[in-house]
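Next come two complexes, and both contain chain A; in the first it sits with chain B, in the second with chain C.
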Partner chain A sequence: MSAAMRNPAAKPETADGPVVAVRDLRAWYRLRLFGVDREVKAVDGITFEVRKDEIYGLAGESSSGKSTLVKTIAGAMRPPLEIVGGEIQFSFMDGTMGLNRAPADLVERVRWRHLSYVMQGSMSVLNPVRRIGTSFFDFAFRHMGLDKAGFEAAVVAHLARVNLPASVLKAYPHELSGGMRQRVTIALATICRPQFIIADEPTTALDVVVQKDVLAMFRSIQREMASSVLFVTHDMGVHAHLTDRLGIMYAGRLVEEARTPDVFARPRHPYTRHLIHSLPRIGDDRPRSGLEGTPPSLANPPSGCRFHPRCAFATERCRVEVPPMEQVAPDHRVACFEKDRVEATP
Partner chain B sequence: MRAYARYAFGRFLQFLLVVFIGINIAYIITHATPIDPVEHTVSVATAFGHTAPEAIESMRQSLRELYGLTGSPIEQYLNFWRRVLVADFGPSLSAFPSPVSTLIGRAIPWTVGLLGVATILTWIIGNLLGGLAGYYRRSRLLKGFGIVAMALHPMPYYIAAIILLIVFGYLWPILPISGGSQMNVARGWSSEYILSVARHSMLPLLSLLLVGLGGWFVGMRSLVSNVVTEDYVVYAELAGVSKRRILTAYVMRNAIAPQVTGLAISLGHVFSGALITERVFGYPGIGSLLVDGVHAGDYSLVLGVTTVSIVGVSLAVLVIDLIYPLIDPRVTVS
Partner chain C sequence: MTGALLELDSVSKTFTRGGLFSRTQVEAVIDVSFRLEAAKPEIFSIIGESGSGKSTLARIILALQTPTRGVARFKGRDLATLRDGADRHAFMAAVQPVFQNPFEAFNPLKRLDRYLYATCQRFAGAKTETAMQEGADKALRQVGLSLAEVKGRYPHELSGGQLQRVAIARALASGPSLLIADEPVSMVDASLRASIVNLFRKLRDELGLSIIYITHDLATAYSISDRIIIMQKGQVVESGDARTILADPKHPYSRTLKESVLEPLAPGERPLFAR
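And then the complex of A and B:
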């Protein structure tokens, strides 16, 4: 990496500090309809870190607030979504308010250079009337500090890494297949070798065969660049395959976080247990039981632990008090009053 | 490139077909009118004084030949097409003996100049302001403009034209209200003549702008506010692509495609729009020519004007279609 590519605004990287630290983040949708205020607490008090050179997975069912959390961290918030409280600290940026409250020129320098984004619905993120090469130019040229010829050579070399020929640069998005487009977006997100990549359901729209290739590619590029990735998907299979650590979200809160193998081997939260036990296993043909009830409304969430109406272990305390996130083992945190009883139950 | 050639060829064939059908319809309609131009001319010529029946008969005969009305219907039809292909529509009746093609040739620059310029200018201004208004939703200036444009838009065109005439021709007479240029100025590339033409075109141009802007403005504004929420725009914003490039290359560029189709359609209205505009402002274009021709039962003139409009409109649409793949590369695929 040449000196010209370094961003003067960036703080010198600390050796092993987290790339992003989120503390007690609360981001709500604040609506005002016919004079009635309505608050949807999609992210309500979340604390976690993404370390250097790891893939941190975020799992949870639809409307658990995953996408809102990601949007908040990426600074992609639009009204009525707003940060109500908490901190987002990036290792490559001063200040604790994340991208939303940072000065515009700093944000512009940081975006794509230090933080990039693979979006949900990656099929439609490329401008349909712009050639792929032009999109690369728009997104990355100013960060690379190269002349045009050098930039093109760098792009071609990077495309080779995701098994794409240089000819895709002349193509329009509609001329590529779904898998190719997905690889283009991954190449686009990694060309500047950012420290932090947010991937929001990047493979959900692909069939499983293509999905496997794309994930393997994603993994190898991440390993090579030692980037940190926040990987969001509801697909537990993808998490098992790809992520280093895993956070489980339920109704706007983090309920459990551990190294991925530990989550699958020793889930402590009743909700995580349901998630794991609902996965099909080879050789085990017992019918899987679904979780009773429906996900709670975030506009009017249950009191106390938000999972208590669907929880077999719920006590009176769960209905009143919010369980704090507590460390139960190295790198294993759970928010449940009855975690010991849960663990003791087979 | 190959795909484009195939696309262009297909569009060209379509153009020929449209022109062919259009001219046939015009032929049938003019030939189905109850006014027989030959008898009309004969009766006008013989209305005063005495004419020998032989003279009338020979006059009738020569007029029939002149108008291409000799022979069987099929011969007439083939003859008609032979003449269309060399743009010969015979002599005009109302301005006998000037050929129809001369009259049309004289009128066309006025119509294309005024209505073509007005249509394209309206399109550019309306889309530019509409696009900005869709992107900068909070701008008070653009909001205000939107309200004014929307208020003017539903007004019938002739009302706007007449109001302008009253205001600028009568209450505050600063602009000429009729004609294409000042009568006593010699034609040519002199500054005096050009200025005179410009001054005469002011009111018709203004009337077309006032009424036409609103449609483009509102259309583009809503297109842009849809495009702004598209994934690729959000993604480019997250990538820190500069605002200016997002506005031009990502937002406007994608929103403009349907508006280009709209432009092709409204260029087609140049000839029909000419009727009212040129009538109200006494403008010497093709619309005035057509109305005069209809009143005089001058059907070679009517047929000539109609044919030229059909070719002109189809040509405008063809040109737009041919440049459309540059705007949206996806169209050549299907």
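And then the complex of A and C:
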């Protein structure tokens, strides 16, 4: 990767296109039991792409569908979850369905080599009865094409990047602290230098001080390898400091997407606006208000714009029509009929 | 009533780990003292990372654990002398906990109104069904819900924010004077967090309830606390007025903690992990 590409002044669009492009993806949980059909539309018409060499943040609350989206992209779907429509295209493989309909041997080759996954609970990712070194061997050996000695040297060198001593290879997961374990899982996910990394709440279980170190390390690894990252967390503070672009999900749909500073400075969707204004800050005594109403049920979502029952700007049109995602500025898309009114309101 | 509601006098708690040959001592809480006045209800925050001893301290205040050294007193009564029976019963009515994860705090197979009825029956002296329902409704109204919304519902039917409100209502049903809230908002969605935080403030002002708020989140602690203590490895490293301390922490650990808080950026501020 050339230095120019990492320069923030350079155009973010690179000639080689996005690493992953998701188009109108719909993934539903479908249950048919005793003649009763139940559909939970957890991902319902999502379009976005993750560009080369960027951290794309995905924010949303519990049951907004972000984990389902991640599972669908990673090809880790189990019934009753199924793809109902749409496309997932990776730059490193053919086909428009991503890993979901790909033959098993191709999935085997692509996973971890080109696409890897950092999960939330490091204790449940690492096998508790295998030493860390063995886990590295399990995950990465066949993808690296090295002999045993070469592989071990590569692992040790890579561990140094995440500030871990070689001695952790002999340790069992329970012998390490939470921060060290999370660094091990990040090292595991990045050792094959994949083009695309999915990180699902990787620092949520960590203490604030440790979280800061792990995030700084995560960014430096990403920068060095010029990978693309889909970074999922509900913590807006993490998004503000880490991600390049940010997508906000609400009830299975993307409602706003922009460069991260723009999301915080000029939110145009009422939900994003509320989310940002309700964050407490040290040194700021203005009262904060919680969102009224209840989070929508994905089994029976509100008609039209799914945010309308809780929205102060809602009109009759919002109750009936689904607002399309529209470009309002360079790299800024919003799905709201009242976006101009939202922006004009202080 | 005058005097202290809760008084901790150099409380320490040591746990012994290991067997006959390799015995190690873990000092979870070391020499902690503070005092909540009965006449002045306040929100008192205990801030610290995991392993700093804040949950052990909460267990001592709830009289679930006795301190190894020092004395914890509630309304002048040494908590170590509480025995099962009437004393403990009265104490439990006066000091109630709210836990971190409302989804784990409630049995998924048990209807939510049952918890409220049981608390009313046991601690508020409600004898008849009507009295239990009245007590439950009163407690739920204090948190902005009503019995009609909760009656017959199971935990999975409510959102995290609502469920945490029910947990707070359950704690209020016994008519307590002190609430111990251990990380009450960390499992609640960001957009609903503010409403729980505002609710605590309302309970303090309207019901005269003192609340001990245990958290690692400095931003919410700043927005609601009157006083805070910051703990590190069992010891209190800084204590006092919340605004003064968080505006300008003196102890190096408090400073590290404050610097590690990731807040949305002010205009012109650079992200910590910029490319």
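Odds and ends about this structure:
Keep in mind that, in the parts below, the second predicted complex is superposed on the first by the 327 of 346 C-alpha atoms of A that agree within 3 Å, B and C clash if a C-alpha of one lies under 4 Å from a C-alpha of the other, contacts with A are read in each partner's own complex, and residues count from 1 in each chain.
In this section, a residue touches a chain if its C-beta (ideal position, glycine included) is under 8 Å from a C-beta of that chain, and two chains touch if they have at least 3 such contacts.
Keep in mind it's a predicted model, so treat the numbers as computed, not measured.
Superposition note: with chain A as the common reference, chain B and chain C can be accommodated side by side. When both complexes are overlaid on chain A, the residue A:Met77 reaches neither chain B nor chain C.
When the two complexes are superposed, the chain touching more residues of chain A, out of chain B and chain C, is C.
Using the contact criterion defined above for the overlaid structures, shared-chain residue A:Tyr117 touches chain B, although it does not reach chain C.
With chain A as the common frame, chain A serves as the apex of an angle whose CA-centre rays point to chain B and chain C; its value is 70 degrees, to a multiple of 10.
Contacts of A:Leu164 after superposition: neither chain B nor chain C is touched. Of the two partner chains placed by superposition, A:Leu25 touches none, neither chain B nor chain C. Residue contacts after overlaying the shared chain place A:Val125 against chain B, while chain C stays out of touching range.
By the touch criterion defined above, A:Glu108 reaches chain B but does not reach chain C. By the touch criterion defined above, A:Arg281 reaches chain C but does not reach chain B. Note on the superposed arrangement: chain B and chain C approach each other to a least C-alpha distance of 7 Å. No residue of chain A lies at the contact with chain B in one complex and also at the contact with chain C in the other. Interface of chain A with chain C (complex): residues 6, 8, 61-62, 178, 207-209, 211-212, 215-216, 218-219, 223, 234-238, 240-242, 244, 260-261, 264-265, 271, 274-276, 278-283, 285, 287-291, 294-295. Within the complex formed with chain A, the residues of chain C that make contact are 49-50, 159-162, 189-198, 216, 218-220, 222-223, 246-247, 256-265, 267, 271-275.
Those residues of chain B that touch chain A in the complex are listed here as 230-232, 234-242, 245, 249-250, 253-254, 257, 327-330, 333.
Touching chain B in their complex are the following residues of chain A: 74-76, 107-112, 116-117, 119, 121, 124-130, 138-139, 172, 174.
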